[in-house]
Amino acid sequence: MEVIGYMIHRSEMVQRLFLEHLWLIVVSVGIAILVGVFLGVLISYFKFLASPVLTICQVLMTVPSIAMLGLLLPFFGIGFQTGVIALILYSLLPIVRNTYSGIAEIDQAIIESARGMGMKDYRILFRVKLPLAFPVIMAGIRTATVMVVGIGAIAAYVGAGGLGELIFNGISRTNPPMIITGAIFVSIIAVAFDLLLGWAERAKTIKY
Amino acid sequence: MKKENIKLLAVTVAIFVTGLVMVYYVMENPTDSMVERMLSRENIWRAFREHLVIVGVSMAGALAVGIPGGILLSRPRFYYIGKVFENIVNIGQTVPSLAILALFYTILGLGFNTAVFAIWLYSILPILRNTFAGITSISDEVIESARGMGMTGRRILTRIELPLAAPIITAGIRTAIVINVGTATLATFIGAGGLGDLIVTGLSIRRNMIIITGAGLSALLAILLDFWIGQIKLRLVKW
Amino acid sequence: MIKIENLTKHFPGLDRPAVNKLSLEINEGEVCVLVGPSGCGKTTTMKMINRLHEPDEGEVYLNGKRASEMNQIDLRRGIGYVIQEIGLFPHMTIKENIATVPRELGWDRERINKRVRELLDLMGLDPEIYSDRRPAALSGGQRQRVGVARALAADPPVMLMDEPFAAVDPITRARLQNEFLRILDKMDKTIIFVTHDINEAIKMGDKIAVLREGELVQHSTPEELLDAPANEFVAQLVGRNRSIKRLHLIRVEDIIEEDADKYSVAAESGRKEIKDKLSESKVGALMVTDEQGCLLGRVDEQSLKKEGETAGELVDEIHDQVTADSTLNDSLSVMLESGEGYVPVVDEEKGFFRDIITLQDLLQEVRQG
């Protein structure tokens, strides 16, 4: 009850933080998709790079998020940019890995026949490889997004804004309704992205 | 010595040495007296010890519940309950770790026990789910031939089901441990200490050296544990 | 040996019983094939013998003892079991797979090792090479062999086989069937063999039990089944071309005349000898053999146009041959495959050339039937 009261009473602030949080996610994941798919495609052509790039991403992933934020802070300062950079780094692994494996798992016969029909390499990439790898890439984006929603909440601690502010301020002011509001909305965003992207993943999967 | 053992030893030693060198360096070269006080040997050791206890206790508890729980749910008579559970677990895993900690704080209050409890609960999920998924993904033919050859239920579990599910179960444990160590650094926010203490103190008094010490140690711990689990899997799964 | 009495099994949600009051007697050392369309209850019947399914009514007797009163685990350990997808354990080596039942029975290491070697030898798999491999490294045919070896491991008097050769290509299947029959000749096993393939049933079975909708339609020898189908259903199952089906029943060695000399030349024979013999050969070709009598290849008019003086120099490769214990139908498939009107027959154990068998020989057999 108290919580609902709080939400209504502070609806304007909650709404602002909610949108801030979404913006943080969209910007970071957006950039991570561009960089991650590019890297994934790159290492699918230069196979000797695959293992080192994937290992680096894997190690980055295991670094606890507050530690990562702490390590980046001296370089990028308090605020939005530190948060975005940390979030991009975390979303890279699932996207790079899935782009790479999505392309690697394509039946070689399909690539051969595309080549046999005289398609140029870049045409094969855009017309054959990427569309076929799409569901796998999408799964990577989904993993990345859901993970980044949670890390985005922690990024509030270094001044990146978003719903994490409610949680941290709520804890320091011992204000349970504030904490619960923050926690619930962050969870809603995470679950919603999970469902939405899961649906997109299935809808675009080609049925053989 | 075998090549894989050399790798195990080399990486382990490298991580330990990096950690020790870092700690030694910051203790010897503090930038000012505040840093010196925060980064005393006692302080660093206390934070590290608290961190290990949170991770150790919650992880041991998660293994003790997750694996037997997953086995139980995979029995034919619980299969449908298992499927329902799997969905609940999937949603539970989507909820961010900070939200979980915060929600349990509002119920159980500040402190070490709250943190361990919340992290324990959170770490059960991937272990439970993967144990269940690993066992139920084994093909019916394999189980049927084992039964047809007169293996008892217990023998089928220990000789066939668990070994075959081992790669998936260890993958779950690996996920759990990364999440676990990561969330343990957040325990400081609900007053449970750990390496997060150093990071948060460093952030609030704006001393990069303290942040880097806390962040570096927790990162190294996460990387080490992740590597170890990977190595265990490598030795367990030979086919 | 095995007596099935009034066996009935209902599965929840189905309006008719999967197996209905089935009675059947299987003598010691006999291969009894259960055949019928899918859903006829053949697999269910088989699984009630080792109690993977418990019957609702009726009883299975093994050597006069009620299966339902025996310890389930002991019962199963005494019955070899091979299923369609073989169910090899992917995490265990071939040796560990084969050793499963002996290990359950607590044999000592020495005895297990000896038995595994013996079985791999029997299956024509070199123990040095295959013992420590895992199933994923084997071909389909090799996996089937390991599956059979595993079932034979503790030397059970009874074996249950559920479409054991269904997952491989037709040529490999025919080879595996022949191998298995050969192995069976040396042991005294009672076998229940389930298949939906009537040709396989005719080939493998001493007795065939035709099942339909859970009931026994006919239980007889393959010959009787072909000569006197009990009703329209069995007649349809056997098919119209019953005389061709008979080809499954007759072995190559039963009809060849051992005319090895007439159709072969030694590798060191000269052109003259080849020409003389070639004019006598009714298939326009001769088999070339080495000093042990094993096949090296063939020569015909075309080969004589090549450079070289002896048969060994003129020889052309041949890919197709059948073993003497193959059925006539196997040789027909090989001929159709190769497009030739004949195929050389070799001894199944020693590998030497015994004769050739021609399309004419097969046609004659069909006409006689």
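For reference, chains read A, B and C in written order, and residue numbers begin at 1 within each chain.
Keep in mind that, in the parts below, contacts are C-beta pairs under 8 Å (C-beta built on N, C-alpha and C of every residue); 3 or more make two chains touch, one makes a residue touch a chain.
Note that this is a predicted model, so its numbers are computed, not measured.
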Measuring centre to centre, with centres taken as mean CA positions, what chain is farthest from chain B? C
Using mean Cα positions, find the chain sitting nearest the overall protein centre. B
For chain B and chain C, what's the span in angstrom between their mean Cα positions? 53
Counting in whole Å, what is the centre-to-centre distance of chain A and chain C, each centre being its mean C-alpha position? 57
Centroid distance [mean C-alpha coordinates] between chain B and chain A, Å: 22
Chain B-facing residues of chain C, complex: 50, 52, 72-79, 81-91, 100-101, 104, 134, 136, 150-151, 160
Chain A contact footprint on chain B (complex, rising order): 91, 94-100, 102-103, 105-106, 178, 181-186, 189-190, 195-196, 199-200, 202-203, 208, 211-212, 214-216, 218-219, 222-223, 226
In the complex, chain A residues that touch chain B: 59, 61-68, 70-71, 73-74, 146, 149-151, 153-154, 157-158, 164, 167-168, 170-171, 176, 179-180, 182-184, 186-187, 190-191, 194
Within their complex, state which residues of chain B touch chain C. 139, 141-152, 155, 160, 163-164, 166, 237-239
